[in-house]
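Chain naming follows the written order as A, B, C, D, E and F, and within any one chain the residues start at number 1.
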C-alpha cells in the first residue's frame, strides 16, 4: 500500500514516478482514434486508464502476489501522433515503438496495433497473437478505409506480422460478413466466440489458448469491447452478449509462462464511460498482464 | 457491411430505407407510456432503439448468417397514439396493427402488447406466448388502473387472446403477491424465474420453451427489464438479479423453427440509459428475433 | 401491493410509516463517510437506498413470500454523526445503536460497522460475522489512519468484537498486501474470493457459510462493492471481477435459520450511481436479509 | 442553521417535521405527469425538490431574513392521484386541495394547476395570476388532448377561474401559433417575453407585475422551464433563451405585499437533471415565495 | 402545432417529410470530425440536432411568426464522407454541396465549412461571413495539420473564398497567439469578443454586423462553442465566458434583410451534452436563421 | 500553441513539465475535503482541474497576451494530507505551504485556506483578502465542527490572519443567519452580493475591490460555487442565482497591479460535474490570476 490515499496518487499508470524509456517494461499512451467507425473518443483513453489505475496500488495482486513496486516498469507518457492523419500517425507510432524493449500501450483505437506489430516484427519476426475482442477486425477495409480499426488484423496477417496459425481471438460476437469470418479461419486463426466462453468456462478456454500459442513469442491485444457493455460501456463499438470482466481475468490468470513480448489495451472511450468502470476494467487487464510478466521471470 | 460508417447510417431501424406498410415484416414504434407505475419515459424508446440498431448492419448475424438486407422488412415509423389517454391509445394501436402482416413493435411500455394481441387474435385466434420479463404482468389491476403495464397478461388471458397453457414467462423475479403468482400458474402458465435461468442454463430453458409452445402460432414479447439493471439500466421498473444479455441471446438462438406471428420489445426508457447500452440490447433482441424468422423461411 | 404507485411511495425505507425506535427491527441511516480512501460520498447513501427501496413493496418476496407489511419494522431516520470527526462519529454511532433491539444500518462507509459491533458485543459478546466485500478490510491502518474504512475488521478482531473462526468473507478480490491477507487467515477467518464464487456456485458457498457460522448469533455486513462495478458502479472503491447481484441473492436465500442479530449495507455512493441501480441493489440486499428474519420466526 | 449537516437533513421540504394538514401553509407533492407532450417524468419531481431543499435551511433568507423555522409550515406529503388517468387525477387533486388553507404544490406537470385553481375559485372566486413559464399554456388542446399541460390556462380562463386582465405571464418564448398568442392577449392577459426580461431588467418587470395584479388575491404558478435549459435542464419541454435563476429571484423579491393565496412549482423532471441543479432552482423559487408570505405578515 | 405529440415527431430536421435535394432550401447533416483538436465526437451531431429540433414545430416562431410548414425546406439526410480521411472528406463535401441551391449544414466539426465555402465561391465569388465562435479559427495550422478545425478561416481567407473586410467574428474568447489574432485583424476581419457582447448589448452588436456585411451575399457559420459551456456543454473545445443563448438569438433576430446564401451549425458533440440542451440550442439557432430567410422573402 | 494536440497534453496544470518547488510560482493540489457540509468529493478536484487546464495552452491569454510558457511556474503535485483527520491535515498543509514562494492551491474544500493564510501570515503578517464565494464562510462553527469549510474566515479573522477592513467578499447569496452576516460586516468586511454584481456591473465591482484592498499584499480565494450552478454544477454546496463565469472574468481582468501573494481555487467536486465545465471554469480562473501576476511584473 502506498503512503498516500488512493485519491491522491499521481495520475501516471500505477502512480509510477519512473519515466525512463530504457526501462525493461514501458507503459505509453497512444491517443489516436481517427479510424473509428462508430462512436468517437478513444483518444481520451490514456489519462482515464491512468487515473483509474490508482486503485491497483493499494496492495499486491491477490493471486499472483505481485506488487507494482516490484516490476521494472516506467510510464513514459504519450506517443506523438499526427493530428487527423491515419498514415502519418501509424508511421509515427511505429517509429516511437521501435526502440522500446517491452511496450504496453494504452489506446487509442485498435488501429494502433498494426504499427506496434510492425515494430515488433522487425525485431522478432512474426509473433503469435492472443486477441480479446468482440470483433474479428479482419475486414479488408472499413467503409472504404484500409487502415480503420476493423482492418488491423487483416493487415497484420497479409503483411506477415503475425502467424495466423498461432493466433487466437476470444469473445467474438459482432455482426460480420460470412466471407470475412471464413477468410479469417482459413488463414488458420482460431476463433472463440463469447458464447463459447460462457458455455465452456475459463479453464477450457485458457487451455485452448495455450495450445494455439505454444512456446514462441506472443503479443497480447485486449480490446475493451470484448467485455459486455454492462462491464465496459465506455467504448466506441459496443456489442451485447460479451464477457464479464471476471471471465477475462480467470482466463488471463491461467496464461502464466507464455513468452509475452508486448501488449495493448485499446478502445476505452471515456466520454461514454460511467463512474470510471470501463477505465478501471482496462487498467485491471493491463495489471493482470504485467503480473504474468513478473511470474514468468520468477 | 453498408457503404456508410455506422455513425452515419440513417436512424431508421437497421437503417432501412423501405417504409412500405405492406411489407411482409414491418417494424413500428409505439411511443406510449401512460400506464407505467414507476419511472416514466418509455415513450422515448423507439428513436433510441432505432439509433442503436445501426450497430447491427455492419455485417451478418454471427450465428444465423442472416443480413438485414435479405429480410423483407420495412420500418413504417411510429403509430399514432392518443396523448395522455390509455383507452384511446389502446384502441388506436389495435386499429393500426390490424392490417399489418407481421408486426415487430418497438415500445413504449408493456401495455401496448394488449391491443397488439387483440389485433392478432382476431386473425389467428388465441396464440401461444413467449414472454421475457422480470414481472408476471398478471395483476388484475395496478394501483387502481386496469390497463396499466402490470395487467397486460391478466387481460390477455381473461380476454382469451392467448392460450395460457402455451404461455411461458422467463426471467421472473420481481415482488409479487402470492395470490397473483398462484393465479397465473393455475391458468396453466409456465413460470421460469431468473434464478432458474442462472442455475439451469440456456439450453435447458430453450428446451422447456419449445415444449410449452409446440407447433402453433406464437407471439414473442420481450420486456427489456428481464435483463439485469447492469445490462439494461434504461427502464422504468428495474429489478436486480436478472439475466445477462448473453443468456437471452443463447436462449433465443435455440428457438429456430417456431411459428412466430409477431413481436414486441418494450420498456426501454432512454432517460435512464447510459451510453445507449439498453437501447442496443433492445435492438439486438429484435434482431435475434428477425433472424429466427429468416431461418424459419429457409 | 400498496395503494399508491411506486413513484409516489413515501421515501422512507420500504415506505414505512412507523418510526418507533422500540420496534423489534429498526432501519436507520448512518451518513458517515469521513474515513473513505478513494471516491467520496457514501454519506449520501441513506436517502438513495430509501428511495430505491420503494420498488420492493409492489408485492411479496418471490421466494420467501414475505411482505414488508408483515415485518415488525420501523425506519427511525438517520443517526446523528459528528461532522468531519471520525472518533466523535464512531462514539456517537455506538451510543445511538446501543438501545436498538435489532438494527439494520444503511451506510455510509464501512467504518460504521465497528461501533455497531461494539454496541452489539456489549450485549451479546463477540458474534459470528458474514461479510460480503471486495476487500478484507483488515488493514491495521489505511494510509496512516487507524479508523478508516479498510481497518474495520482488524479493529473488530483485535478488540474481540467478533469471533474470527466464525467469520467468513465472500467476494474478496482487491489488491492487498500478502501480510494482511495471511494475518487475516491466521486469525481463523475464512476467505472466499469472487473467483471462488464464480467457479463453485451459490449453493456450495452457502453451505460453506453455514458451516463456518454455526448456531450462535451472527452479524451480517454487506459492502456493496462485493458486486462487480457493472452491477454497483455507485461506490467508492470499485474492483472489477465481482459478483453479479443474482449470485449474492442466491447465496443469501440459502441462509435461512441462522441466528441473525444485526446487519449493515454500506458504501453506496450515489454520486457515482447510474439510474439508481446501485441503490436498488443495496435496498434489495437489505430486503433479502429482512426476509430471512421473517422466515426464521415462522 | 439546523443542528444536523445539510446532507443528513430529513428529506421533507425544508426538513420539516410538521405534517399537519391544518397548518396555515401546507406544502404537498403532486406526482402527476400523464399530460406531458414531450419528455416524460415530472412525476418524480416532488422527492427531488424536497431533497434539494435541504440546502435552504442552513440559515435565513439573505434578503428577507426569514428562517424556515419561523413559518407556520407543514409538509403534508403527496396527494393521491389516479394512475394513468387525467380526468380522475384532476378530480382527485381538486378534492384534496379543497380543505387546505394555503397550498404550495410541488409538481408534477403544469396540468395540476387547473384543479388547484378550481379548488381556490370555489372559495375566493377568480384570482389574479402571476405565471412564470416559457409557454403561454393557453392552447385549446394539445395534440388532441384537452387537459394536457399546454391547455391549463385556456381552461382556467374559459372556466372563469382566473381574471385574465389581472393575469401576467413572464418568460414566454416557445413556438406558438399566432392565433393562440393573439387570443391570449385578447383576453386581457399581459405577456412578458424572456427577451423583455433580458432587456428591461428585473425592477421594471416587477413593477409591471404589481401594476397588473393590484390588490386582490393572486395565485403564483412557476413552471421551471421559464429558466433557460442551462439553469434548468431537468424539465420536459425546455426552450433556449430563458431566464437566469437570478432574474427570477430579482423579480420575485420585489413582489412583497401582494395578496398571495397559493403557489405551484411545476415541471421539474429529475431524469434529465444534472447535479440536482434544476431541483435546487425549483426549491429555491418556492422558498422565495414562502418568504414573501412571511414578510407580508410582518 | 403538428398533429402528433412532440416526442413522436419523425426525427428529421423539424420533422420534415420532404427530402428532395432540389428544394429551395436543404438541410443536410455532415458527420465529419476527424480534424478536431480536443474532445472527439461531432460526427454524432446531426441525429442529435434533428431529434432536438422536434421541439420547434409546436407552433410558429414567437417573433417572426414563421412556421416550419411555410418554408420551402427539405431534409436531404447526411452527406457521405470518407472515413478517417480529411482531404477525401473535404472533397466529397464540396462535390455534394455544389448542386444544392441553399444549404443549411448540420456538423460535424468546423472543418466542413471550408468545402462549403468553396462550393459557394464557385457560384457566387467570395462572400461576406458572419461567424459566431469562441475561436478565431485562423491558425495557419493546428498541431501540424493544415485542415484541422482551427484553420478553416485561414484557408478561406487565403484561398479567396470570403471577403475578409466583410467578415465579422462574434464571441471570440479562446487562448490564441497574438500573431494569429493580429494577422486576422490585418486582413480586415472585425473581431467582437464575448466580453464585447456582454458589455455592449445585442442591438449594438447587430448594428455592427449589418455595417460590416452590407448588401452582398453573406454566409452564416455558427459554432456552438460561441455559447458558454453552461449553455452548450456538448462540444469539443469549450471556453468559459461565452454567450448566453438568448444573446445569440437577440443578435440574430436583428439581422433580417441580409442576403444570406448558406449556413452551417457546427461542433455539437452529443457525448458531452446533457439533457439535449446543446443539441436544442443548435437546432434553435438553425431555426432562427431559417426564419430570417422567410422574412427576407416576404 | 503547444506542439501536441490539446487532448494529448500532459495532465499537469497547463501541461507544465517543471515541478521544482523553488519556482517563483508553484501550483499544488490539496486533495482535502473532510470538512464539507453537504455533497462530498472536492478531494478529486486537483486532477480534474489539471486535465481541464490543457485547453488553456492553445495560445496566449486573449486580453493580457500572456502565455503559460512565459510564467516562472511549476506544478509541484499534491500536498500530503492526513486521511480523515481535519486537524492533522490543516497542520500538514500549513507546513508544506510554508517554504513555497508564491502558492496557487487547487482544492479540495475551502477549509484548506486557513492553513494557507496561516503560513502566509507568518511571513507577511495579516493580508488583505479578495474572496469570491456564494457563502460568507464566517460561521463560528458548522454543525458542531469548528474547522469545517464554512468557518474558515471566522477563524482567519479571529486569528488575525487577514485584515477584515481590507477584506471583500463577492457573490454572496446563500442562506445565512443574520447574526453571522452582521458580525462579518461589523468586523469591517465588505460584502458584495451576487445580485449586486448582476445589477452594478463588473467595472463598478472591480473598482470597489481596488478601493477596499489598496496597496498592501492581498490573498485571492476563489470558491467555485460563486458561479451559478449552471456554470459550476460540480460543487458541494451550490446556490442558485450566482455569477456567470464571464462576470468573474470581467472583474478579475480589472484587478491588474494589485500586490497578490497567493491564491486558491476551491470546491470543485468532479463527481457532480458535467462535461468538465466546472473544472474548466476553475482552471480558467486560476489562469486569469496567473496572468495578473505576469502583467504586474511587466
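Criterion: a contact is a pair of C-beta atoms (placed from the backbone, for glycine too) under 8 Å apart; a residue touches a chain by one contact, two chains touch by 3 or more.
These numbers come from a predicted model, not from an experiment.
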Task: Set of chains adjacent to chain C and to chain D - done: B, F
Task: Relative to chain C, chain with the most remote C-alpha centre - done: E
Open item on the list: Between the options B-D, D-F or C-D, which interface matches E-F on more than half of its contact pairs by residue number?
Closed with: D-F
- [ ] With chain centres defined as mean CA positions, report which chain is farthest from chain D.
- [x] A
- [ ] Report, in whole Å, the distance between the mean C-alpha point of chain C and the mean C-alpha point of chain E.
- [x] 54
Task: Between chain E and chain A, distance of the C-alpha-averaged centres to the nearest whole Å - done: 39
Task: CA centroid of chain A to CA centroid of chain B, Å - done: 36
Open item on the list: Multi-chain contacts only, two chains or more: what residues does chain B have there?
Closed with: 4-5, 7, 37, 39-40, 43-44, 83, 142-144, 228, 230-231, 244, 272, 274
- [ ] Determine which chains touch and list them pairwise.
- [x] A-B, A-C, A-E, A-F, B-C, B-D, B-E, C-D, C-F, D-E, D-F, E-F
Open item on the list: Can you tell me which positions in chain D touch chain E when the two form their complex?
Closed with: 37-40, 139, 142-144, 172-178, 180-181, 193-195, 198-199, 228-231, 233-234, 237-242, 244, 272-274
Open item on the list: Going by the contact rule set out above, which residues of chain B touch chain E in the complex?
Closed with: 4-5, 7-8, 10-11, 29, 31, 43-44, 47, 51, 77-78, 80-81, 83
TODO: Could you please specify the touching residues of chain F with respect to chain E in the complex?
DONE: 1-7, 54-63, 65, 67, 228, 230-231, 244-246, 249-250, 274-277, 280-281, 284
Open item on the list: Quick check on the complex: what are the chain B residues that touch chain D?
Closed with: 33-37, 39-44, 82-86, 142-145, 147-148, 271-272
